[in-house]
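To start, I am sharing the structure in question, which I have written as structure tokens.
Read from first to last, the chains carry the letters A, B, C and D; within each, the first residue is number 1.
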């Protein structure tokens, strides 16, 4: 029962606007929330938005077990997300969750480099927490167009060292995550990595994930990425969100959204 | 309380609500979210004689009150179904129906024959109207000759309930319906998707990998109700209506247009439990209006 | 700034945006609300040889992202048009186009011949696809023979720009388009409405007086874009696209699918000034994307 | 210019809820509102309501020239009107107006019986005001299912005598407007009417208007009714809202919404 999928109205207990571009919704329920693995996602129904017919997949940003809260960090881009940004405390949001398989579950003692870009950073907060809980050591390498795209850094710092890049140089090192000076240290030991043995979990825009995957492959580092293919059902029924893999077309919503880069057929 | 048990050409259902092929997987995907025994029938995803990878991504685009898809019959083939999927689904306590597609009458027949052997598959839905694969049967579904040719071939080898799914992308869906009735179909289901297209103007390319796809959802409901009304007047066999049904009231429209049962497709993506809610809503509506069975309103238009 | 002046088979327009027949009256009804000189062309309501009362009320039903109508060509006939309406509209500073319907090739031809005499009517749009009257031309529009028969008859007597409006309620709209091109059409416009139906389940009767009607609005846009794409690849003459256009971005989709111009129909009911806004939006979009003319994007799909 | 049609966003200056079933929206504009005749209507665009694609025709309830306010009294029935009931002061509402021809313009000294039923009462308030302004004498006969359907009575009383009927007897005389005892006095003089010479203007549900029309015909009283046919454009372009008249099918939105009962083909 603990991790059965459910579809229900969750109550909004907080609506935070870190800045104009984002809204953080904190949801709760009368019953205990189901067990959620970092990297899993939810499908939410956007009410009263004529342009939004289908549910919207949103990654789980954070789960506050004590408060029984589920956090969704949403970038406000279209009419649907603008609608979500106008929700009020006390409103309900219909949520289908938990969906997909999450990131690789951590093991005590291992080191994991979490690489995030843009809104793809969101699910890494819960992952960093869960890694820390099992005694693993997460490192965070987070990139954004500018400082305004890098949120929740204080929360991330509770779980591990945080390295930042911005394209405009407004925070951290200027450039892309793959340009960050710390990256070299995560190369495999034979290739001189001082943190050899660490693996990478990555979530962000596809070009960024492909660059990270390419780097990982070249530097002998195990790497998994979280895909964001367009999807409808979120349950593996509609077969719309497929990704070509070595096993053929598979549903990102059900087999993913996290895949080892060796499973994918990316040209890297 | 109204009795909404329904029988379609020998197929007995606890209610007239079925889930449409390609929108409900094999039922298993929804087991956590809805009591499958409360669904009249589950029409599983399209199955073909040989395995198919389907079309490339992207396969979906959202449109005004609807969606386009071009999945293209991705499935592992009938042998895999019989060996690996059938054992998992055969004991689901509802009518587990296989949707059959093919590239030639022989394909259809061979696939149907294999499924005919599966004791706990009481019916098949013949998809002669998939708009998303060059050899997806669309070619058969748009002419009376092609349609009856496929149905005759399957009828020879399939002796359980044979439902034929019709395309709305034709000049006269009533003519197609009559031809499949004459060819031995036990029932018809309609409408399959309307052929549509959407363009990503920033990338200057179609939103779907194969350019066009099938439109479904509330946007097409008026076309579906019209088609059901025309076909119900044209044939004697039962008509199963689908196309944009999201509520019990939508379903009632189809019954009044002449449908004996309905399928819910795209709606399953919005609410995984919609089929059971609609079934309950139909029963409530009949009670509120003093109707003992669906026959009180069926085909009143 | 992009140059969006458009010429369709000799018809010169300040921009590629026209208003669809039956949605903009004779233009006069909108004179308070929009600068008519900023519209590429106004296609006036359907005109027939003899006066028609049209269908009974109710003629309209709202649907998901669209509407159904069954007006049925209500008009006072071509003589009344020539004597009473033409004098009021002939000096409106845009292309005033008459939409012509009929019950027989002779009707169409006689009506077109009368309009051919009107100096300030530079074109007609032949409606061979009205779904709402038994004799509304739908019968002609759904077969290649019928379509070319009507077009040939009209072509003989009409020597200005001849646009033919096509129905999407056919198995192959490309075949119909080719047949009217061969018969002498200067351009085609599509899509006319999709045949649909809606039922008032409380009253247990259709929402429209003649049961079925034509579906229009954003709901049908994917079908319209698909039809335009198919027809643009099938014929050499210009294609005018319509079907659910509400924004400049919608219009750009049609141009990329191969349209040379577009018509706005149902959108006029939501925003009376939509045609001019869309025209401006098209120009702005082209500027933002560094396109000098529509040719830069037309038919890129 | 003064009565040219316009389509623009008007600002909401007041949102009143007389009771659960109704919302009164008071709108204003930076420029002076156009001249509006009693009985004319507006077509409003309902934003953010997936079920509401077309504009909604709403009769003009009242025009406050001093405050430059346009009042719309709306019965909350469907999703669209529920949406309108949630509008806030400061929001804007896109309005296409003024549309149609109003009630017959009054002349000094004449007596006019305004008969209203349900939400059809709304436009009679502006009409009563305009009749009074030209020196005519309006009488109000208003009917509703129950007292909760009879609004703005104090405002009506400023302009003329008010007679009320309710089906449940919760206010005024029980029954329909055509049952009210005062009606007899409005019969034509030959038929014994003490207020002979008065004419009737009626707005309400069709069965009620037909009953009033029948009474008027039988008692030799001139009568006009305001129709509410389903319509799309409101401008006479779509030809959807037609009513059969002695002149054939005409658009209620353009030739109406007010018609003399002798123009109609009602079987009364």
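Keep in mind that, in the parts below, contacts are C-beta pairs under 8 Å (C-beta built on N, C-alpha and C of every residue); 3 or more make two chains touch, one makes a residue touch a chain.
Predicted model, so just to flag it, every value in this text is computed and none were measured.
Participant: Both chain A and chain D are touched by which chains?
Facilitator: Shared contacts of chain A and chain D: no chain.
Participant: Find the geometric centre of each of chain B and chain C from their Cα atoms only, then give the gap between the two centres in Å, rounded to an integer.
Facilitator: Once rounded, the distance between the two centres reads 34 Å.
Participant: Averaged over CA atoms, how far is the centre of chain C from the centre of chain D? Could you give it in whole Å?
Facilitator: One centre to the other, that is 36 Å.
Participant: I'd like to verify one number: the distance from the centre of chain A to the centre of chain C, where each centre is the average of its C-alpha atoms, in whole angstrom.
Facilitator: Averaging C-alpha atoms per chain gives centres 48 Å apart.
Participant: Going through chain A residue by residue, note those that touch at least 2 other chains and give them in order.
Facilitator: 50
Participant: In chain C, which residues are in touch with two or more of the other chains?
Facilitator: 63-66, 217-218
Participant: Classify the inter-chain contact topology: is it line, ring, star, complete, or other?
Facilitator: Shape = ring; chains linked end to end, path closes on itself.
Participant: Pairs of chains that touch, anyone?
Facilitator: Applying the touch rule to all chain pairs gives A-B, A-D, B-C, C-D.
Participant: Which residues of chain A touch chain D in their complex?
Facilitator: 48-50, 83
Participant: Along chain B, where are the residues that touch chain A in the complex?
Facilitator: 22-25, 29-30, 32-33, 45, 53-54, 56-67, 69, 71, 74, 217-218, 266, 268-273
Participant: Report the residues of chain D in contact with chain C in the complex, numbered from low to high.
Facilitator: 4-7, 45, 50-55, 96, 229-233, 235-244, 248-249, 254
Participant: In their shared complex, at which residues does chain B touch chain C?
Facilitator: 63-66, 68, 142-143, 169-171, 194-199, 201, 204-206, 211-212, 215, 217-223, 225-226, 229, 244, 249, 252-253, 256-257, 297, 300-301
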